[in-house]
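Heads up, the next two complexes both have chain A, just with different partners, chain B and then chain C.
Moving on to the complex of A and B:
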């Protein structure tokens, strides 16, 4: 049996952060990853889903031999990333969203050719492949455009060609659709799936903080928050786990100080989350029994809160995240920006 | 936009290509990384002004002074040669040393590290590209200077001249490669240092006059900059009065240059390995957005 494409065992990474000028000697430690154990089979399209600062990029850096683990071990294509980078590197490639790699004064083809040479590809064949791939991703008419003249979306397609071009066994994509518009994102997702399905020996790990992307694209998803993997399974299994809960979304008038905790404390209420909106609030409920809805509504009306709409909700990956983490990705990111 | 994206069907597009490893990969990497430097100057024509006209101004200033004080005519040639070599010095100081730092900011450094090539090949490529691109400027300066100021060359040995030039370049760019890693480690502080270093080094390296004019130990100290001895040796080999104005014998200068080559290249390799290790341990040198 072939080894796992990617495996981590009790993987952890601690960053030492130097204090600012005043407290130069104060050293803080930040656990960007703790106790991460994931196993990814050959042929999988695996997604790491989590808010900004969850530790996704840190994990990718470790797996691509750019960063040493603080604890635990990691293997890519069967090789230890720390001790055997010389075996890992020829087998991988990496593309990050929003990256501005290469040289702006080179053309798209020249930039890609340069990178192909760093992998030892024969020059002429590499050039042929680059042209073919550029046509495939819809950049056929930009082959001789300076890469500095490309739009974000086109540039990202060029970067993805750079990743595909070197026949990696394992490809790492860090937020591949970051900053792209809807159309370009869809194109990129399409390309990713196409590349993976083209050969069952290929493996792809991508990170994202877009729920839809993880749900639509990935065979399996690990939900990661504050450096810990909270759940890891196929999107459908993850959603099925929630199926016992009954979900409601209630739009209300402003909350008059009512807290999510107060609602969660009601009997048979599994979780409750509140999102402030322009003209009121959105209350998301996971109930053990449908009958638990009554007391919730009573609690609202007691506080003179008007119910504007009530929806029974179909499960999405977003709900899985909310259940595991206690709040939505959007809220997590708002929180981390405030820090 | 999405309409021109088709599902991959053509098998050959993704069929794995054979790849070379070892020294062939090294060579490919060197050439590929030299490429943007060479092509860059062809696309950015503004260098003509800064890299040729400005050194020519400095050369002219010295030429007028030398003529005014009726210095030996060969001094004019010295200044022209110095002007040409200044181009290499500026290239090393400003394009080589800051390059890795810039590559880090750009996000290229991480990609260079994860590729199966060696970082040393990347640095060598940068050096080679920079050197070849600058050679064009140097030739232009010598050509212009020779015509404008009527310089007469008396080359005693082309072979020795070639050896001295190659050694100077190897040592100089070796130093540049070492500085590139150093800059990456020190980042901003190093920037100020090289700003500070630029002018004094012009002076003590004897770009525009023979270093023999300095006390021995100052000249010897300045010899750590490979161009000092390289320039002195080249002048001895191409001007009639060169040997008389030389610092020490060409033979000795060649030996010292040889030592400098080894020291700088080995130093570059060691620093580069250290830099890569540190980057991987601390996780800060591949960080592009902070």
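Moving on to the complex of A and C:
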């Protein structure tokens, strides 16, 4: 078994929030993280999935030594982030999306070179790596552009390169594709996957509230809401948990007197529902076993019913999230904005 | 694996100095640089000279004049070096939003902040030199090159700059915890110390209960040593520190500088811990 790249034990973080001018002396407490216990193995691409305000960034801040936990412990590369930050920092790097950090008066190359020097990279190696990575994200032609002249999206790409450039053991990406267009997001996802595939000792923790990104990239995902980890597993296992029945949708010609009950009576068919449509019918099936589909199709063809289309319905991480939290990420974010 | 064997100290200082210089020298218009580094200090010295002239009926031969003029000129370093170091916290956190990335990097943050102050020391040196030159050429400040105690001057200058850098670190540490109102902290402190460090008047002018503040500040002894090294006996004519030899003053300067240095290091550790505890490392308040 690989050594753990990241481990948290009963990790909690409480923010003390001061009231407005009238309630200056009133201190409120907000639990940003509660009792979080995760174990991430070396080589994993681990995703934290949750709406804004779920506690994802707080967890990353603790793991990158920027924030002290209120309770519990956290370890990165085997070192305690609170007591041994000097051992953690050489082994990590971090990029936050959706912000335009960096020294605008420096060129892209200078910004990246400077950080490489903080990490002790030989200058020549750093310059070569800067060129290579900028090409990978489509920024090769902007290497000598002052970063203040870059758009927000391009600046974010530059920062993403900053994270990868030092080749850390553990890389933390906090919403890396937030605010990027479709093409740029795809470039970043390719970079992420490629970087991990190049060396199995590399570990990456990614936060996102984009379901597709988590599903496409992550080996395992922790669904987090209101500071608590609600579920943690691979996307396929999380989806399988939800999917006890196998769901099919069959669009057919008119049913010629065939009833839903007749189909439901077939072996291994859990439920069947029929909806009459203008040019035929829609048959929704929940099967205990996929093999039950054959007898259903036979029953249809016996009645001279033509099958127009057949779709297997796959559950998504969004469905998993809705089941665990009770509403979608978009609804959760809308709710937090309304508050 | 990266080459992490290079000294973290040297790496932090060297790259921070480079960055500080890039920021300080990034003047879009050289005219602005001239205004900031030359005209501004000369203008503030001129105000002092005019006030002195009115009060003393233009008695520029009085030893008080070089006392005031040199004290004011060297005091430029106080704002420049202290401000240069502590401002880096505000600049990186609020403006460039990079402080958190500096924290995540394997560098020594106090050394990084000190490195960021070097550029301000260099631009401050230009201002100090121009101001003193103007005083010698136009106002007959009695500096005679052959009579300058160069070893004392350079040694005092060096110790003083290190001392100011450590005081800057102290301010930078406090700035880490101040999410509001932190922008004027360096200027505010430099302004307050202007009164207590004998820069433009002897400490005797202060009420007796305020004088201990001046005696506890290393800047007081540093300015006196610089004056003595440049204008010799003229500076010694004042009663405040007349009873102390150069060696006495130097000893006191070194002891107080070390004390402030140790205080700055411990203050940084404590403030750093508190800032991480309160989540202030990346807190942006500039809205």
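Assorted remarks:
The rule is simple: the second predicted complex is superposed on the first by the 268 of 339 C-alpha atoms of A that agree within 3 Å, B and C clash if a C-alpha of one lies under 4 Å from a C-alpha of the other, contacts with A are read in each partner's own complex, and residues count from 1 in each chain.
Here is the rule we use: a contact is a pair of C-beta atoms (placed from the backbone, for glycine too) under 8 Å apart; a residue touches a chain by one contact, two chains touch by 3 or more.
Predicted, not measured: the structure shown is a model, and the values here were computed from it.
Superposition of the two structures on chain A leads chain B and chain C into a clash.
Of the two partner chains placed by the overlay, chain B and chain C both lie in contact with A:92. Of the two partner chains placed around the shared chain by superposition, chain B and chain C are both touched by A:105. Of the two partner chains placed around the shared chain by superposition, neither chain B nor chain C is touched by A:75. In the superposed three-chain model, the partner touching more residues of chain A is B, compared with the other of chain B and chain C. Contacts of A:137 after superposition: chain B is touched, whereas chain C is not reached. Within the superposed three-chain model, A:115 lies in touch with chain B and with chain C [touch as defined at top].
When the two complexes are overlaid on their common chain A, residue A:248 makes contact with neither chain B nor chain C. Comparing the two interfaces of chain A, the one with chain B and the one with chain C have residues 15, 61, 64-68, 86, 89-90, 92-94, 96, 99-103, 105-106, 110, 114-115, 117-122, 167 in common.
Per the touch definition, chain B reaches chain A in the complex via residues 1-2, 4-8, 10, 12-14, 16-21, 24-25, 28-29, 31-33, 35-36, 39-40, 43-44, 106-108, 110-117, 122, 279-283, 286, 288. In the complex of the two chains, the chain A residues touching chain B come out as 13, 15-16, 58, 61, 64-68, 86, 89-90, 92-94, 96, 99-103, 105-106, 110, 113-115, 117-123, 125-126, 129, 132-133, 136-138, 140, 153, 164, 167, 183-184, 186-187, 190-191, 194-195, 198-199. Chain C meets chain A in the complex at residues 2-6, 11-12, 14-15, 18-19, 22-23, 26, 96-98, 100-107, 273, 276-277, 279, 281-282.
Residues of chain A touching chain C in their complex: 15, 61, 64-68, 86, 89-90, 92-94, 96, 99-106, 110, 114-115, 117-122, 162, 166-167.
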